[in-house]
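Two complexes are shown next, each including chain A; its partner changes from chain B in the first to chain C in the second.
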Partner chain A sequence: MFEQKKFTVSHAPFWHVGSSVSTRSYNIIFAALPAVLFGVFTYGIPAVGVIALSVSSAITWEIAFNKVAKRPPCIGDGNAAMIGLLLAMLLPATAPWWLVITGTFVAVIIGKQIYGGIGANPFNPVLVSLAILTLSWKNFLDFNEVLVNYDFSYPMAYPLASLKHFGVFAISNLKPAALLMGQQSGGIGAIFGLGLILGGIYLIIRGYIRWEISISFLAGVWITALLFNMADPAHYAGPVFHLVTGYTLIGAFFLATEDSSSPVNFIPMLIYGASAGVLTVLIRNIGAFADGVVFAILIANLINPLVDKIRPKALGKVI
Partner chain B sequence: MIKRSFIGLIKPRMRYQAIELTPPEPRKIPAPKQVTLLLNEPYDPFGQGKSPQLKKGDPIKTGQKLALYEDSDAYVVSSATGTISALSALIGDFGRSYTAISIDVAENEEIDEQFPALVKDTSLETVKHFLTFIPGNLPDVILSPNGSSTPIETIVICGVDRDLLITANQHTVVKESSSVKRGVEILKQITGIDNIIIASPEHLMQDAGLSGAEVRVVNPVYPASLPKLIMRDLLGRVVPAGKTCEDLGVAFISVQAVASLGKAFNEGRIPVYKHFNLINKDGTSVLVSAIIGTPVRDIFAAFNIDAGEKDRIIFGGPMTGESIYSEDHPIQPDTDAVMIQDQKSLALVSDYPCINCSECIPICPAKIQVNMLVRFLEVGKYQEAADEYDLYSCIECGLCSFVCVSRIPILQYIKLAKYELGRISRAEETNV
Partner chain C sequence: MTPKRELQIAFGLIIILLLVGVISYAAFPAKPPEVPIRMYYKSVAGNAMFDHKTHFAESGYALDCTQCHHHPPYPENLDDAILKCGYCHKALAKGQNYPDSCLDCHDEADLEDSKIAKKSDAFHSQCIGCHKEAGSGPTDCNACHVL
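And now, the complex of A and B:
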């Protein structure tokens, strides 16, 4: 009995489907690539710079925090890289280096780590960061101002800003199909609507995002925009315009669907997605900002714990 | 191992293994040199103030009833003839303690006379005193129907297997229908319960019908054969959270136990061969028959399986089994499978937090908010977990751990929480 073999002893179940946090993050990064590559193609080297800096600084902040907080390193899960990439996709290609680094600091440290890390953040870290950047350095995120040096064959006015300041007339020459194909100004990875949709479909099929949220978000945008448009077509743009401009599509497939800050039950997912969609159009049409996606999703994040209380009755429970 | 499909939108459906219509005979393992019987009573020769009536060197016959003390209720039935070589204490999961009785097996088998002398009389007493340690395990609650808070009114015979890759119960339904039939008659006679139902897979309905019990069909997808889901789906009765099936007057028994009961009276001797599946490292599953008490070492040897350092040996199936420490661990009356996993292909758990990915939500048959539940369990807030997040609704199927992206050992947390809460409430009761 002295050479007793040591077996592995643990608890049931002894099988696992083989999924992991890192595959999830890397699949989301993969799904974002069409839109990201299109952005690089459109805006050139500055876009590459912003993306590279954003991803690398997000990872660096994560390592730094792990060190300071004496937690085991968790960059292997790909979450920091994903946050960095998503933030870069929302920024203009001309974003200065300090803005990017501040952005990733806010996203990784304030948006995620201080709440306890992955899975514990009540708000989408990328959006927390973008909201703070917008409020602090508005001019650096004003696409009309910062992209002024780019000259393409299509109008380079930020469509939502044109709509806000000059009304429906200013956008009457914009074709939805062209907008969908990325012929518009905006964030590096947010302009190529078709790419975002493809990425989103990929993620839905692979089960890495919850389709209920994406669909109800888009439905919320569409219906609200339609109602406004029907009430006063001279004043308010049609629903299709709202779907293909600004952050709507990246919001639907990459932002509203962030795991930790969104609900997990069916009805709550619909309420959450739809309210973010409705709020988006409300902010765009009657609020102070040109685009409403960022604040709309943050507000939806806020109500998430409440709506997610609507849950099915567990087995054997009477009340 | 079943892996996540490319299309992750579809949740994994794991079907139970269906037995062939004419299954081959199980591979019989020759009697080992030593058998070990686990008696459900702590071994504490110095603390009890009385000395055990069993001791090293005692001769034992096959079929002999062995109890630790003269007045103990707990006993085992020897599956072999020989002499006692050791008595020792064994600690199981969650503090359960047993006495391990090891017997060196002799060349010639001798059958103990006590049970054969009583075989004419199929009384509750005879069954109680000789036949609880039979292959399949006869649950106490059936033999003392008033021992439960509600008198037992219905007996459900499990003709389905509890876990994946197992066919032992199905094999009994197909191959031993006459013993099962006799067993059902005896059950009715000794308990006076007429309402006996057999839960069977669809393809075995006809064979199950031969038993004389009322046949009801179980869905072939895991975890439909777990008792609380059988209650809900086949009997239309939902067990309230925190209650057991017995509390509702329903007792479960495996079809193998029923067959053993019938066989004991048909043949006039206590059966000792247990059927179970051996699930090899490559996931193939074969039916094996060995006497109760055979160490797994002998079973591996018969199949040329090399159990190496850091491999995992599991008693039971991949979803609900228990892993064990030593190759000396014996086959027990309720062992339905022995599984070995290679060290290279172990699914290991991690200490990552829940990322709220929601994979566990649609898959939980008890509709528990597992994502919230684990947050409480991880920090030891068991009472809150029970009060607010339905800890006691869990039927312990393990599907949440199976799909968890963060690889949290969720089921382990759940079992631990129930155990701890149970301990606290027991302590409170005794303090009053």
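And now, the complex of A and C:
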């Protein structure tokens, strides 16, 4: 059936950088490595376990779905491996094996395949999965609780939780530079901000992600946090703190930029990125969760089809 | 890369990483340190974090173990005193003045007029008592408890 000679009109994304989907996936995996390796050095074998299980189970779910749906295997495109890696980067190193496997199931099957596979998912699969895990097993994702046995030279209270519950005073001794260098508690691949920035720059230069989304996301975070901070510095942390903690940087360079759930034109990309950034800080400062990145980007995914309607007028169009 | 080669890579990843993952989980189970570093208590009033190590470490508040692990008062061996608070501070049945665990070390005759605080009262009066005395450290409910 698949040998039939027919013209197939494929779905989004249409942006072409002149390379195949698999090169793209493996380049994103490559760009994530500095942050991933840092997480492995920090959290040791348990982090290796989470990452390895997450990547392998994500690919396994995908090939299993291919078999059940009687489609040709698509695991060669590396997209499932990438989803597995990104999910592992958000999880704590102590995530139990069943949580990892459930997480990749939700990401690959519910987040992506049931919508028709790569390019057809309206939401970022990794974030769909993390949101469901957060709502279902929030204790296993509470970094303060699950990382109690890790002891480093720096404070291991999750910075965003300290800020949310104890106020600006509780984070006053945290230095942004130290946080950027990964001296904080958090997800395996989300703590090393510098590594994430390097990976992001690489992906932007190679054209695998769009700088418009990353930069507008960060600008949205920065400006909103700054406004809150100026209004009431005793209650709301400064913009730099918000940039270097939680999932902000991995969100800017690896999550918000997911191709099929983000827009393709210039103005829409700016609106999409900025609204995710603004929402992130709104959720952190006045919402229910310590970190807002996951839900902020999912909501931005939701408005993506809408903002993507803003597009340049076609030249010479006749009605 | 040809599609065939891409598939081989993907299957290779499954096999190798599954092996690595299973080994990491099975052969290196995380074992808690002998002296806890931090504790995370859950209660109806919200979770509370206690940074154990910082309280006794030289680089922290340099408290003596026996300031908290207070009974027996002059232990020959520190290990005798280092028990869970709840080992002695328990909710008691009606008519009971002390828990059975006291009898590990005492005769009933010793304990005639003993009274023992239940666990959360023991925590509150020790933690908050010392913070008040030291003039630093949290004393308000919402400085320890997180809902």
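The definition used in the following text is that the second predicted complex is superposed on the first by the 299 of 319 C-alpha atoms of A that agree within 3 Å, B and C clash if a C-alpha of one lies under 4 Å from a C-alpha of the other, contacts with A are read in each partner's own complex, and residues count from 1 in each chain.
Everything below uses one rule, namely that contacts are C-beta pairs under 8 Å (C-beta built on N, C-alpha and C of every residue); 3 or more make two chains touch, one makes a residue touch a chain.
Everything numeric in this text was worked out from a predicted model, so none of it was measured.
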Exercise for the section: Scan A:Gly207 for contacts with chain B and chain C and give back first, second, both or neither. Expected result: first
Exercise for the section: For A:Ser20, select first, second, both or neither according to whether it touches chain B, chain C, the two together, or no partner. Expected result: both
Handout entry: Touching partner for A:Val9 - first (chain B), second (chain C), both, neither
Key = first
Problem - Contacts of A:Pro46 with chain B and chain C, given as first, second, both or neither - result: second
Exercise for the section: Based on the superposed arrangement, let me know which partner A:Gly119 touches: chain B (first), chain C (second), both, or neither? Expected result: first
Exercise for the section: Mind working out whether A:Arg284 is in touch with chain B, chain C, both or neither, as first, second, both or neither? Expected result: neither
Exercise for the section: Go through the superposed model and pick first if A:Arg311 touches only chain B, second if only chain C, both, or neither. Expected result: first
Exercise for the section: Show which residues of chain A both chain B and chain C reach, each in its own complex. Expected result: 20, 77
Practice task
Show which residues of chain A lie in contact with chain B when the two form their complex.
Solution key: 4-21, 24, 77, 116-120, 204-208, 210-211, 259-260, 262, 264-265, 311-318
Fill in the blank from the handout: Within the complex, chain A is touched by chain B residues 1-4, 6-10, 12, 228, 232, 238-243, 307-314, 316, 318-327, 339, 341, 343, 346-349, 352-359, 361, 365-369, 371, 390, 392-393, 395, 398-399, 401-407, 409, 411-412, 415
Exercise for the section: Show which residues of chain A lie in contact with chain C when the two form their complex. Expected result: 20, 22-23, 45-46, 48-57, 59-60, 63, 73, 75-78, 80-81, 94, 97, 142, 144-145, 148-151, 156-157, 161, 165-166
Practice task
Provide the residue numbers of chain C that touch chain A in the complex, in ascending order.
Solution key: 1, 3, 6-7, 9-11, 13-18, 20-22, 24-25, 28, 30, 32-33, 36-40, 47, 49, 51, 53, 142-143, 146
